[in-house]
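Each structure below is given as structure tokens.
Across the two complexes that follow, chain A remains constant while its partner is chain B and subsequently chain C.
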Partner chain A sequence: MMKELIPTTEEYDAVIVGAGASGAIVALELARKGKRVLVLEAGRSIRDDEDGWRSVVDTFHGALAKVPNSPYPPTAMAPQPDVLQLAPIKKGVPNSLGYFVQKGPQNFGSDYTRSKGGTTMHWLACALRMLPNDFRMRSMYGVGVDWPIGYDELRKDYESAEREIGVSGDVGEYWLPGVDPKTYWEGYTYPMKKMPDSYVAKRLAARIGDLKVDVGGKDYKIRVTPTPQGRNGMPNPDYVDPLSGKKGDYSPTGTQSDPLRGERCQGNSSCAPICPVQAKYSAHRTLNRAQALKKGPVSLVTIECQSVATFIQTSKDNGRVQYIEYMAYAQDGAPARKKRAKGRVYIIAAHAVETAKLMLLSDIGNHSDQLGRNLMDHPTMLTWGLMDEPVWPFRGPGQTNAIPTFRDGPFRSEMAAFVLPIDNWGWIWSAFAPDVPFAQLVGQGMFGSALRQKVAHDFSRQVTLQFEIEQVGEAYNRVTIDRNFLDPLGVPRPIIHYELSDYVRRTMEAGVRISERIFKKAGITNKTQYSVSDPCHAEYNGKVYSYKGCGHYVGTHRMGSNRNNSVTDSHLRCWDHKNLYLVGCGAMPTFGTSNPSLTMAALAFRASRAIIKDLDKHTSKAL
Partner chain B sequence: MNLTHKFSELVRAIKPLHGAKRAAVQRKRPHEIPDAKSLRDHLQVALELELSTIPPYLTALASIEEGTNLEVAGLVRSVMMEEMLHMILAANILNAIGGDPVLAMKGVAPEYPAILPDSDGSFQVSIQPLSIAALQTFMRIELPTPKDTHAKADGYGTIGQFYAAIMEAIVRLAKKGEIRFDHHPERQVAPSDYYNGHGKVVLVNSWGSAIAACKEIIHQGEGNDHGISEKGQVIDGIGFELAHYYRFMEISLGRRFQQGDTPASGPTGAVLPVDWTRMKNMISNPKSGWYTADDPRRKVMDECNETWWKLLQELEKGLNGKKESLQRSVPYMLLLKQRASALMNVPSGVAGTVLGPSFELPDSALHQ
Partner chain C sequence: MDYPSDPAEQFLAASAALTAFEVVELQGTGMSESYWNLLLGRVGSAIAGEFLSACGSAFAKSRNAKELEAALGKRVMNDPKYGPIAQRIITLWYMGTWSAMPSAWSDTYGSCMNDVSQVVSPKAYREGLVWPAFGTHPQAAKPMGYGSWSYPPLVKVNTDAEP
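Showing the complex of A and B:
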């Protein structure tokens, strides 16, 4: 029999699977040390010029339903989940309408983007650090697990991440529960000044006043604070650049089409999914910076898009990865070509679900039986209403402020923590405003000036609160594979098992009560409606609560203190395979109430250091 | 018609100007700025000079049909943004040495067609749509100063020549102790106040920083050491900032520069697609006075002029210490562009052309 001839790349220092923020940061850090890097990206890339950017903005503008993936249609060869594919799950009948096979009992309500740039192509760019207690949930509150490292060990990496992403924020105004600002910040300032507070947040703060709400027998003061954001604002003259050591020298980083043009937020109000002026960070910026690093005339970083990793080959003798098999496709439907990528170190940074899927497909790295398990999101319960004064939503970033009051507290031993972003886009997320409420008014027979007056009156008073609820890892919330469900390339699709625990549901119950208190004090008439026909809902004590997915996929290859309780060590090195790193949100054992991308980016810096050390330690070929 | 070919000829036609200028400007003694007051006056002229470039660039930008020629629009826009930076830099120097920037006044803001303030008057700047002729003017504005040209404060041939005279005076007067740079530090526009394009605001508090500010202006406009790039080097490992003159040359020739190119080689990089059929057929140098008070065209032109007037007022306040006015001026900038674009949908009544912005100030702008 003739042996199949499979084209194999030259040997790189590192092969990275995934060109999202994690993969981009590792590529940049390695290239800064002169390492040669190959990045494989399953999805397509939008073009890095004005036309390319404009075309995705146009695609978004033309989409009837504006959802996170609207600007980025999937490729059939690297499909991606879409929130429009959510449907109620009946017992025993999984929802396999879309890319996911959702086994339930509840829907995982989030999507992600498989393209160069990853989910930073549609993120909202909230850049919250985790709280110190978020790292020690088991020892503080007896739930979840502790991280093998604490906040202090990640602080410098947070600073690196905030520089790379370009975060606007104000340390002085940023109150956090149970946090000593001195030890939390150590005199730090963000690279850029905070985004201006939205008018609705200002009015809510003023109307809420000194409201206190009882949770678990303790009174909590409702506070409104700014949210740090990964979008360009005004440089902070007090900022000291950790790379150059210079003070007051920060320039907002450029757009992907023009790295020298640092556009700043001008309030176009479509941040999620897409900022037309590119004030919002996307991983394209980091990839461009990485690709600009050269040895002689040759770029140290090679990015191959439309290259789907399908298998990780390991040595039977020592467990080391030998190569990664991938399928390169030219276009949808055309036959893909099987190839192999070789490196001294391998980094899987393909997204929490995709990384777990690839590891499971390759049947490696699962001594702990934790691979694919502990899948988490921030199930987000929305409450919405009409305020008794106009608050002029739909202007500026999607959220500029939040109520951080309940991000930490003794109640966490009984019920989940939550953060309460103040949505700046009226009922967009809660009731599909402006389209659906408008269509309803027309359906009621309104027209002409009466309709105009009604729209002007109601839409300017729309308020939505988001209860983004912490989840802790549960073994039953997991990604598995089943070779009965394949994508067009013949790769198994992710099977998602997901159920909200009572730890989360108790918070939903309390959240509705807290929302009622806030609405009453602020003069908001409640218009919230939950229904069992919502694809994402949960029942508790006989009541129904609806939630949305927040796009925060976490936990599928968590780090830990030893190979029996975790997939990787705290440097994200796989316990079972010494030259394999799993980088991304999947590494986080818990993630509190912070949007995970910033922590993910910080971990990518941490992992990069370990990878560089490995590469430098073993200068010989065999690593 | 082969426009590229046509323009190559135009570029060649410009080149002899170098020689011509040289003959005109070489004198036995460079024109000097004698004292502190004269330096302040000249910096006020610098402010006016930078200001006077913005309306023609804005008009050219607005004349590109929305959604077309994106790369070209990006280039024009980047130059326009940097002219705003230059204006701010001139104001920072002027403020530091004790002047008071003036913008919102008739005669300060130019009337078009205009010659560049205090220049040798060898060419006129018009309000006109983006075209080969417009680009020819733009390149003339940003023309690199020939190597052996003296600094010249009045009747200058190139902007570089003018700033060379300012720099010479800054150093000389600072050394003699006739100027200090510690006036009104609160008026300095900082990076945090300025919405940057390429380039950076320089805080002026010494003669060194004043010189750095002047150099930023010259290099962004003309290039550095007679190369095509502003900094003459690769920046942060990414790309290079092309001087304005060469950005306009790229549009003219429909081709991008790449690293390694020189003024002599011209652009040898990727094709820059230019669709000349998607530029608005705007009439040059329109005037609101063409239309009677009851003509709706008069109304839209007046609205656009009103926005220009308000923008100048806010900017002037902003440069005289009222920082919040700088922020307030931003919406007027966006509105000005909107109104300029809107005018280009209105038939002028002349030979199938459309209207455009006229940048006229009200009579009340004579006195502050």
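Showing the complex of A and C:
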């Protein structure tokens, strides 16, 4: 499949692997300083004009099983994991049916997307900052590790990330455990006002009232709070733009072809996997902004799609990266051309799994033996039921509110923290609603007015709570490679080793108890069912708990305080290779109960400063 | 009750009774022709004709909607040959999806090459009646507007009585 090696003569300031959010932010920041950037993207270039986007939406409408990757079929040359590839893992027999080789004992239940825009194409866009204690898990609770930096050092970068993503939220209403709003926010406001609360969240909050639940011998009040999210809402007149310093002139980014479209979320209720009007942030926005920056008539940022990075060549003398080898394919199945990309600095932003994989197969950067290890997600245990009043789900963003009560507390030394988003799409995630419950009713022989009435009665009352459970890094949860398992380009596929620790399982046990209390108080009849035949399940004290993957791949190239305990420093620079940066959620040593991408974006801003400094310091070619 | 003589119209009349949506609501989806043609393709015109006759006999025996449902239950839904076809027609209208015939049915009455479970078309998905049946819109289409999700839907849906 491979043709002659064609060296690329052109040399860039920076070569970035991956056109997802993290790569896009670095490209934008570098271009803002006049640097010339090449972005290599393994997947297809989905167009974000009206017709291109429409085709993606149509693909989703026409998909029988509507899952996150339905709108974004992979190319054979850049395969991707898909939740439809999950299957029970038998002892000693890995599941290699899909792209991943899942060694178990548990399944890693998440997917990601290999297309221009990366996984933000189908992310839900919840944009939570981490809590200060999440950065110091070892010193506070004796589990996990401490970050080399704290919340305060990241606060300004969080603000940059919230501007770039376009976050709607309300600092005043947002309650967080153990957090002093004064020092946490320092007078900040979000660019846009919070998304209106979903009707189900409003009813649930009203019905829960002042319920308190005991965890680890302490009573906790169940609170409901808005979720900050990367979705266009009403601009906030009090917002001060950190770039311009101006107050009250924030304007949301609409679609590329029509800036007036997508300026405001319209309630298409499908943010994951696709927002038809692009009111939800995707990395396309950042890529468009980056490509608009020019030197003379020429864009400072070049994006080459269908270009799969396959090897990072480093110098034997000083460890510096010399070039990146990649395979460019014109079409699926057509012979790929091997090429080289040269820059003065290199940034791998290919997603937590793919970045670790590329480093492992280049056999570099692993002095600490941490590369590929500490793979985490938020295993998400769902509980679901029917409320005794209609709550009208399946309208609006996937979630607008969550119960943040258990995001922090002394119990974290024994069991994992968790956040409880209130699902706004009924049983979509818990029971594949409306398709599967509908098929069951028809299968029971229902028809005519009885059927219609049953649909109206039951589906309007569906409620799901999500227990998104924190994981801490474990050396045994890891990505490895094995040359016996190759993709069609001949590149090793990721081998995933994954096991839920008792730290997580204790929370599953407590979670079921908490859910029962909430359901009882709120008038919800429990319909939750867990089974050993669910591809993702774990047992604890003789009981079975099922969970879903949350798409939050974290930890595989963690930063740290020195080269023996980590892959990069806190600027995401490889300890072993001075002109190589690893950007993405893989950098995060822990991530508490926050969806990781806002922190990932903040870190991309932080890394960009260091990269620019490097480039400016060494104006000569040899960086 | 009246039953039309044209097969495509019979298909609509039977569909309305099976789904509890009005004929005009079904016509309003713009899908009737394509669903009727799809049915002909999947089960063949002979069996489709027999199916419509069975529905017709239920219409003939009934004086009102209630009696019609009872008759359809007996003559169509509970019939091993027609029941699975009726279930698939209901699913077409509600979900925009064709489900492959059960293998026991195909063993007896024969199958065709394109009898696979599928969303009929992106438009069929968008016109699914399941969504308005519980006060909402199809995901990724026909949005209800910024902030609408914060209140009960404007179009009233009766959810009170359990059937």
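Convention: the second predicted complex is superposed on the first by the 610 of 623 C-alpha atoms of A that agree within 3 Å, B and C clash if a C-alpha of one lies under 4 Å from a C-alpha of the other, contacts with A are read in each partner's own complex, and residues count from 1 in each chain.
One rule holds in what follows: a residue touches a chain if its C-beta (ideal position, glycine included) is under 8 Å from a C-beta of that chain, and two chains touch if they have at least 3 such contacts.
Keep in mind it's a predicted model, so treat the numbers as computed, not measured.
Contacts of A:Leu451 after superposition: chain C is touched, whereas chain B is not reached. Once the two complexes are overlaid on the shared chain, A:Asn541 sits clear of chain B and of chain C alike. Counting the residues of chain A that each partner touches, chain B and chain C differ, and the larger count belongs to C.
When both complexes are overlaid on chain A, the residue A:Arg264 reaches chain B and chain C alike.
Of the two partner chains, chain C is the only one touched by A:Ser460; chain B is not.
Shared-chain residue A:Ser251: touches chain B; no touch with chain C.
Touch criterion met: A:Leu293 reaches chain B, while chain C stays clear of it. Contacts of A:Asn236 after superposition on the shared chain: chain B is touched, whereas chain C is not.
Overlap of the chain B and chain C interfaces on chain A comprises residues 58, 264, 266.
Interface of chain A with chain B (complex): residues 49-51, 54, 58, 193, 234-237, 248, 250-252, 254, 257-262, 264, 266, 288-289, 292-294. Within the complex formed with chain A, the chain C residues making contact are 17-21, 65, 69, 72-73, 77-78, 83, 86-87, 90-91, 94-95, 97, 99, 117-119, 121-123, 125-126, 130-131, 133-141, 143-153, 157-163. By the touch criterion stated above, chain B contacts chain A in their complex at residues 67, 70-71, 73-74, 78, 190-193, 195-198, 200, 235-239, 241, 334. The touching residues of chain A, counted against chain C in their complex, run 57-64, 66, 196-199, 202, 233, 264-270, 274, 276-277, 390, 392-397, 400, 424-425, 434-435, 438-439, 442-443, 445, 447-457, 459-461.
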